[in-house]
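There are two complexes below, and they share chain A, which is joined by chain B in the first and by chain C in the second.
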Partner chain A sequence: MPQSAEHVLDHVELFRGPEYQQMLAKKKIFENPRDPAEVERIKEWTKTAEYREKNFAREALAVNPAKACQPLGAVFASVGFERTLPFVHGSQGCVAYYRSHLSRHFKEPSSCVSSSMTEDAAVFGGLNNMTDGLANSYKMYKPKMIAVSTTCMAEVIGDDLNAFIKTSKEKGSVPADFDVPFAHTPAFVGSHVTGYDNALKGILEHFWDGKAGTAPKLERKPNGAINIIGGFDGYTVGNLREIKRILELMGIQHTVLADNSEVFDTPTDGEFRMYDGGTTLKDAANAIHAKATISMQQWCTEKTLSFAAEHGQDVLSFNYPVGLSATDDFIVALSRISGKEIPEQLARERGRLVDAIADSSAHVHGKKFAIYGDPDLCYGLAAFLLELGAEPTHVLSTNGNKAWQEKMQALLASSPFGQGCQVYPGRDLWHMRSLLFTEPVDFLIGNTYGKYLERDTATPLIRIGFPIFDRHHHHRSPIWGYQGGLNVLVKILDKIFDEIDNKTNILGKTDYSFDIIR
Partner chain B sequence: MSSLAATVQDIFDEPGCAKNGSKSEAERRNGCTRQLQPGSAAGGCAFDGAKVALQPFTDVAHLVHGPIACEGNSWDNRGAASSGSDLWRTAFTTDLSETDIVFGGEKRLCKAIKEIIDKCDPPAIFVYQTCIPAMIGDDINAVCKAASRRFSKPVIPINSPGFAGSKNLGNKLAGEALLDYVIGTREPDYTTPYDINLIGEYNLSGELWQVKPVLDELGVRILCCISGDGKYREVASSHRARAAMLVCSKSMINVARKMEQRYGIPFFEGSFYGIQDSSESLRQIARLLVERGAPADLLGRTEAVIAREEARAWAAIQPYKPRLEGKRALLMTGGVKSWSVVSALQEAGLELVGTSVKKSTMEDKERIKELMGQDAHMIDDMTAREMYKMLKDAEADIMLSGGKSQFVALKAAVPWVDINQERCHAYMGYAGIVKLVEEIDNSLSSPMWEQLRRPAPWEALAKAREQMQSMAAIAGDPVLAETARRARNICVCNRVDLGTIEDAISVHGLRSVAAVREHTNAAGGCCQGRIEDMLMSEPSDMRQAAE
Partner chain C sequence: MSLATTNSVAEIRARNKELIEEVLKVYPEKTAKRRAKHLNVHQAGKSDCGVKSNIKSIPGVMTIRGCAYAGSKGVVWGPIKDMVHISHGPVGCGQYSWGSRRNYYVGTTGIDSFVTLQFTSDFQEKDIVFGGDKKLDKILDEIQELFPLNNGITIQSECPVGLIGDDIEAVSRAKSKEYGGKTIVPVRCEGFRGVSQSLGHHIANDAVRDWIFGHIEAEGKPKFEPTPYDVAIIGDYNIGGDAWSSRILLEEMGLRVIAQWSGDGSLAELEATPKAKLNILHCYRSMNYISRHMEEKFGIPWCEYNFFGPSKIADSLRRIAGYFDDKIKEGAERVIEKYQPLVDAVIAKYRPRLEGKTVMLYVGGLRPRHVIGAYEDLGMDVIGTGYEFGHNDDYQRTAQHYVKDSTLIYDDVNGYEFERFVEKLQPDLVGSGIKEKYVFQKMSVPFRQMHSWDYSGPYHGYDGFAIFARDMDMAVNSPIWKRTKAPWKEAPSAKLQAAE
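Here is the complex of A and B:
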C-alpha cells in the first residue's frame, strides 16, 4: 500500500512511489505516445532564433498573457471604500475568478457579488438581475455602498447601468439615497489597470458630481489636503501603510482613495470582517476639496486624474516609484505641494537605503534582468535596476501601450545601463520565453507565472508582481518608500546569492566557492 | 621541544627579515610585535594567525582545543579554494565547558582526536592550542604525541594560543609547527628537476589556479603549496623540492629560510600580483631550478611564455584605457601589493595618488619610488578618519583596499575594490590583473556612486540657499572674504592652508616647491602643482620687497 493512515503522503511525495510511477508509465502507452526523440527535437527547436521569429509573428493568439480583465481592477478599487460591496453586473463565473484571484494572492477572503446573468438575461437584458441582485445583496450583506462594475456579457448586450440602477431604486431594491456608484468595465478593452481607473473614477464622480443626478453637485472649497491613489498593486497592504506613515511623519493632511490595505489584511481574532478599513464615504466626498491628487501609478489612473484636474486640483502621477531617485522625487513632490518640511527620520531612512546600496551594489552591477508585469511596475523596477548598475535587457508588459513603450525607452536611453534593453508592449509570456532562450539574462523579475519560465529557461525568478500565489505574505511588506526600496534590494540580492550557492554546491566538484561569506 | 616563549624569541630573531636585520641588538630583543595599546582597535590574535595559515590544507582535520569562542566565531571564514577534500571547512572543536576547565581538558582532547579518526580518518589532525587550555596547563604537545602513537596517525600540535601575540606571530608559529612535525616526514612518490614549493600562498578565491596553468605548461611542478589547496602528504614531503618561492614573506619567512638551511632549498621572494611581477617570478623560478640542475632550455621556454602572456595581458588591458584615463586611485593595502599592481594600473590609465606602506619593507618602498616617482605619496599608517577625509575631499576616484577599509570608502561614497582576503575575485597572475582592471572599471562606472554622493534633493536645495546667503555675506564683507580665501587647504595630506603658505612665500621670499616644503608643513607631493601655481602668481613686487 503506498498510502498508510499513520503517515499520509501528499501529492509531492506520493506519486514518486514505484506503484504510481509504473502506472503512469503504462498509461502513456495508451495515449498515442509520440516518439520521445521527436518531442525532444521540437523542444529544442522552440529555443531557437528561428522559432522566436515565428513566435513574434503571432497575430491572433495570446499564450500565457500577463494581464487580467477590467472588473478585477474594479473590484480591487471598490473594496478600498468603507463597507463597500463590489457588485459585478454580468455572469457569476467571472466574479468567482476575481474572488479566487485576490484570495490566492492576499490569503484573505474576498467579498464580491454578481448579478448572475443567465442565458435569458443575455437575450432580454439584465435589468431584472440588477434589480434582484441589488435588493438581495443589500439585505444579505448590509453594505454601506454597492459599487457596480460589469463583465463583458452585460457590455455586449449594452446594459445601461445608470438607467438600471435608477429603475432598481425606484422599484425599492435599495433606498433612494443609498450610494450605488457604477462603472462600465468591459474586459475586451484594456486590462485590470483600466478597470481600476474606471471604477475609481466612477466612485469619485458619484460623490463629486451629484450622485447620478439625485443630489446637487459638490462645490469645491480647496483646502491643504492631498489625495493619494495607489493604483492596482499586489503590495497594496504594505505600500499604502508605508505611504500613510510617510504622510503622517510629514504632517500632511491626506486622504488615501481606495485604501484597501485593511480589507486585504484582516487580523485573526475570532471576528470575520467582510468589510474592514477603507476610505470613508465622507472622505471620498470631501476629497474634492483637496489641493492635489497624487497617483502612484500613471497608467492605473489616467481618467481619474484628468477627472480630478477638471475639478481644479493639481494632479501628479508617478510610475510605481521604487528605489532611491524615484522615492526622492515622490518625497520632494509631497514637500513641495504641501509646503511641509522633510523630517529627519525620512532623511535617515534615505541614508540607510543609500548605505545598503553601497554595501551590495557590486553584486548587482552588470547583471542582466528581464522584467514583466503591469506597465507602471515595470517602469519602477527598471528605474531602480538602472540605479543599481544592473542592466535591464527585456521589459515586457502585456497591458503596456505605445505611450508606455515610449516612456520606457526614454528612461532606458537616459542611462548607459539601459542601452542594451528592448521594450515589448502587448507581448505575452510565451514571447518572453523565446527572448529568454535567444538572449539569455541572469535574472527574471515577474509574478508567480514566471516559475514556468524559470523552469524552462533556467533563468532564476525574483517574484515581484501580481499575482504571487506560491509565496506567502510578501504583500504585507512595502516596496515603496526608502524602506520599501530596501526590501526590493534584499529580494534581488537574496536570489543572486542563492544562485551563487546553487552554482557551487556540488560536493567535491564546484564547492571550492561554496563560501559562507559573500 | 622548546617552550612557547623560546619559540617566539627564536621567530623574532629572524635573520632573513630585512627589517630585523636593520635593528639594534636591544631592539631585536624586544621582538617585532608592536605592543598592543589597551583600548585601541586591534586585529586578530596568534591563534587566528595560525589557523588562517594552516586552514587551507584541505584534507587535514583542524581541531581547535578550547571553549566555543575560538572556533565558533571563526570557522570557514576564508575563501581558500580546494580542488578536493572539503574537510578543512568542517569545524572541529573540543568546546570546553566549565568542568573541563576545572578538571583539565586533556582527556576530552584525546577523545575528540579519536572521534575525528573514527568519523573521518583524515591523513592528519592539526590540534590548535587556545588561551584557556594553555592557561589551565593542558599539555597539547603531550596529548598529540600520545595520540599519534596510539592511533598511528600524525596528530600535530599547533602551539599558538591567542595571548602569545599578534596574528602575524601566529602565522609564523604555525610555520614552526610544520617545520617541527610535518616537513620531511615523508618521501614523495617521485621527484623531478622541476619541483618547487610555494610558501605563504593561500589560494584565495582560487588564485593559485590562475597561475598554475602557466607553470604546468613550463613543466614546473608545484610539489607543495603552503598552504593553499595543499595536502598533508605534499607538505610532509616538501623537503624534496628543488626551489621555493616565498609568496607572502610577512607570514612565512621563517619556513622558507629554515627549509633552505635544513634541506638546501633556495628561495626567492616574489609575487604573482601584476604583470611584471608575474613575469619576474616565473624567471626566478626558472633561474633557481636551472641553477639546481634543471635543463637550461627552461630559461628560454620561460621567456617565450612570458612574452606571450604579457602581450596577451597588455592587450586585454588596452580597451579599458580610454575609460580609466586620468582616474585617480588610492591603494591601501601593504606589503608587495603596495607596488606590484601599480604598473598594471598605470598602464590601464589610472593615476596612483597614494599607496600605503604599512606592511611594506624598505625594498618595497624603493620599488614604489621607482614606479611612482620620488614624490610618491607613501602613507604609513592612516587612520580611518584621515582616509575618510582624503576620499571625501575627492583626492581619489577609487580606493583599492582590504575589507577593513571598505566601509570607510563606502561612507565617503567613493568607489572601492576589494583586493584582500575576502575578495570574490582572483587577481593573481596575468589573468588576474586584467580581472582587477575590469573590477575597477565596473566599480567606477557604477551609477550608484553618483547617487551616493548626491545629498538628498531637499538638502541640496537648503544648501544652495545657505550658500547664497553666505556668499552674499562674504561679498559684502572683505574681511570675511579674505578669511575664506586663505582657509582653503593646499596640502591636503598635512592640512596646510593657503594663508600659511602665502605668508611663508612672502615672508621668506620663497621660489621653489622645495623651499616651501622646508618652511611649512606642506608635503609637496600631490600638492606640488598647486604650490607651483601659487609661486607663479605671487606678485613679484611682494617678492622683491621681501628680498
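Here is the complex of A and C:
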C-alpha cells in the first residue's frame, strides 16, 4: 500500500506505484483502445508539414483558441470604477464562468451579478429579470454604480438595454438618478478586448453624454489632465500601479480610467472588500475635460478612443509597451502632451534597464521565439524581443485582425531580427502546435494553456499573458515601464538559463557545460 | 453570537433562526419572501431539510450557480476521453470550462484522447444570422480529418443554438450515416434551459439514453467475457483521480469494474454498461436518471455509495457487497481490515489537530452531504450546509442520513447570504468553490475548494481520506491565520464590507 499517514501521497505521486499502474493497465481492455502503433503513427503524422497544411486549411473548427468572449472584458473594465457592480443581462452560467476565470488568474474574489434569464425570458424577453435584478443588486450590494452588459442569449433575442433600464428606473428598481451605464457585448462579435472597449465606452458615454437622456450633456472645459486606459490586461495590478507611479513622478495630473488595480489586489486582514479603489464616478465624468486620452492598448480601445476624440481630446494609443523603446515612446509622449519634463529618476531607471540588457543580451541574441496572446500584448512582446536581438518567428493572435497583422508586419520589417517572422491573425493554438513542430523555435511565450504546447513540442514556455492559472502572483509585478521591462527580461533569462542547465546536468555525460557562472 | 458562547441545540436553533431573519431584511419584500423558502434550520426527525430547491435563481442576487451547458459539457460528457466534445456556439463557454475541472484520464491527448482540448465552433455574427448547421457539418468533417482516432463526437449546445432554430439532430444523423454509423451525439444543453447545472445533467443523461443506448444492439456481445462480478462506477468524474482511488477498492474486494461514468471513461465503457450486474452510483444528483433508465430497460439494480471518509467507505463497501455472494462479502471485510491501520494512523495524526473544529459547506449536488462523514471521522462538526443545484430528494437524504439537529441549511445561497452566515457563525473552515474561496480567506476564514479539491486529491477511498485529512489540517492550522491582523491593530474577526 503506497499511502501512509506519515508521508501522504496525493495525485502527483499516488498513481505512479505498481498497484495503480496495474489497475490502469487492466482498465484498458474495457476502453476498446486504439492500437498503440496506430496512436504512435498518428502522433507522428500530426508533426508533419502535410498535417500542418490540412490544419491550416480548417475553415470552421477552432481548437484551443486563445481568446474569450466580450462580457469577460466588460466585467473586467466595470470593476475598475468606484463601488461598481457589473451586471450581466442574460443566462446566469456565464457570470459564474467570468467570476471563476478572473478568480483563477488573480487569486482574488470577483464580484458580478447576472439577471438569471431562463426559458421564459427567452420567449418573453428579459425585462422582468432586469427590473427585479437591478432592485435586488441595489439593495443587497449597495453599489454606487451598476454597469450592465449582455450575454449572447440576451443579444440573440434582442433585448434593448436602454429601454429596459429606463423602465426599471420608472418601476423604482433603483433611484432615477442612480448610474446604470450599459453596453451591448455580444459574445459572437470580437473577443474580450472588444467587450472591454464597449463597456468602457458605455460608461464614459453615460457620464459625458447626458446619462441616456436623463441629464444635460457635459460641456468640455479642457484642462491639462491626461486620461490613461490600461485595456484588458492580466498584469493590471502591477502595470497600472507602475503607470501611476510614473505619472506622479512626472507631476502629471491624470485619471486612470477603469482602474481595477486595487479590487484585484486587496489585503487579507479579516475584511472582505467587495469594492476597492477604482476610478471615482466624479473623475470618470470629469475625464471629459482632459487634454488627452492615452490608451496602452490600441485594440482594446478603438471605439473608446474615437469617442474621446469626438469630444475634442487628443488621443494616442500604444500597443502594450514593453521594453526600452516602447517605454521611451510612452514617456516622451507623456512629456510632450503634458509639457512636463522627464525627471532624472526615470532616466536612471532607463539606464538600469539598458544596463541589464547589455549585461545579458548575449544569452537572448539570436534565440527564436514564438509568441501568442491578445493583439497588443503580442506586439509589445515582439517589439521588446527585437530590441534584445532575439528573433520572433511566429506571432499568433486568435483575436488579432488584418489591421493588426499589417501593423505587426511593419514592425517586423523594421528590424533585421524580424525578417524571418510570420504573423498569424485569427489562428488558434492547434495551429501553433503545427508551427512549433514544422518550424521549431527555442522558446514559446504565452499564457497557461501554452503548457500543452510545451508538453507536446518540448518548446520551453515563458508564461506571459492571460490567463495564468498555474503560477501565482506574477500579475502583481509590472511588465510596463522600465522596471516592468526588467521584470520581463528576467522572466526570459530565467527560462533560458534553466534550459541550459537542464541540457547540461547529466553527471559524467554533459555536465562539463554545467557552468557555475553564466 | 458565535458558536463558542452558544452550546445547547435550542440556543443554536434560536441563533440560526434569528440569523436567517436578519439576512432576509436586506431584500425587497418580494425577494425576501422567495428567499425565505430556501433557508432553514434543520430539525431532527424531519424527512427533509425544510427548504425549497431546484427553483429559478433570483435575478441580481449573485447566485453561485452555473448553467445546463456546465452540467452537460462540464460535468457529464466532458470527461469521456476518446470522444471530441464540441462547445457549439460562441467561444466563451468552452474557454472558461477548458481544463478547469481536473477530470483525470490516461491517454495521448490530441491523438486518441481529447478531454483537455477546447473544440469550439466559435460562432460569429453570420452564424447567428444564417444558422450554424452548415458550419457544424464542416466542423465534423474537419474533426474527422485532423483527429482521425476519435471514437465519437458530441455537440454541446450553447445558448444561441436553441434560439436560432438550428437542427443539430438532423446534422448529427446525416453525418453519422456519412461516416458509417459513427457515434455523433447532439446535446440540447443550452445555458438558458432549467435553473442550474442540474437540468444539464439530466439532458446529458437523456442523450446517452437516446444516442448511445438507442443505437446499440441490446443483445450485442461485449468485447470481453462477462463475469458475475461486473459493476459500473456511475457518477464519479475522477477529479484528481477520485475514480481510481475508488476502483482500486472495488477490485480488491473481488468485483470487476467494466465502466467508469464518466471520469477517465470511454465510449466503449458507456456502451458496455448494460452488461453490468450492478450500477454503483456516487453522484446521485447528476446520474440517477441513467441509473433508473438502466434499471427499467436492462434490469440492472443500482445502489448509492459514499467513498468519503472511513466510516462511510466501510458502510458502502458492505452495502455493495450485499448485492453479491459471500466471496465478495468476505472481500469487503478483507479490504476494510487491510486499510484499518492506515485509517487509524491518519486519525491519530490529524484528529487531535481538528477535533471540535466547525465547518460550513456549500457545494453542488452531492458533496454538501457526502463529505460530512469524512469531517466527522476527523472530529469536525458541520454546522451549515447547502446545495447549489440539489433537489428535494437530496435534501431528504441529507436530513435522514447526514446533518445534525439545528444545522443551518441554505439552498442556492448567494454571495451576500453566505458571507453573512459565515461572518456570524465564524466557522473554522469553509468548503465551497473558487468564487467563494478568496472572499472567505480575506475574512481570515480558512477555506478549501470542494469542487476541485483545491488542485489536490483524490479525496475518494482510503488513499483519498489521507489526503483529505492532510488538506483540511493544512487549511485550518496554517500559521498565517494567526497573523492576518497587523500587531498594532485588534484581533481578527470576519467582517464584510458589502451592504454595510
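Here, the second predicted complex is superposed on the first by the 510 of 518 C-alpha atoms of A that agree within 3 Å, B and C clash if a C-alpha of one lies under 4 Å from a C-alpha of the other, contacts with A are read in each partner's own complex, and residues count from 1 in each chain.
Definition applied: a contact is a pair of C-beta atoms (placed from the backbone, for glycine too) under 8 Å apart; a residue touches a chain by one contact, two chains touch by 3 or more.
As the structure is a prediction and not an experimental result, all values here were calculated from the model.
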When chain B and chain C are modelled together on chain A, clash or fit: fit
Contacts of A:516 with chain B and chain C, given as first, second, both or neither: first
Which of chain B and chain C A:419 touches, first, second, both or neither: neither
First, second, both or neither for A:347, with chain B first and chain C second: first
Which superposed partner A:69 touches (first chain B, second chain C, both, neither): second
Chain B versus chain C as contact partner of A:92, first or second or both or neither: second
Partner chain in contact with A:508 - chain B first, chain C second, else both or neither: first
Touching partner for A:328 - first (chain B), second (chain C), both, neither: first
Chain A: partner with more touched residues, chain B or chain C: C
Lowest inter-chain C-alpha distance for chain C and chain B in the superposed arrangement, angstrom: 35
Interfacial residue positions of chain A with respect to chain B in the complex: 324-325, 328-329, 331-332, 335, 342, 347, 350, 354-355, 357-359, 361-362, 365-366, 386-389, 415-417, 507-508, 511-518
Residue ranges of chain B touching chain A (in the complex, touch as defined): 76-77, 79, 81-86, 205-206, 410-411, 413, 422, 424, 442-443, 445-448, 451-452, 456-459
For the chain A and chain C complex, residues of the former touching the latter: 1-6, 8-11, 14-15, 19-20, 23-24, 26-27, 29-34, 38-39, 42-43, 46, 51, 54-55, 58-65, 67-69, 71-72, 87, 90-94, 96-101, 103-104, 107-119, 121-122, 128-130, 132-137, 139-142, 151-153, 156-157, 186-189, 191, 266-275, 430, 433, 449, 452, 456, 469
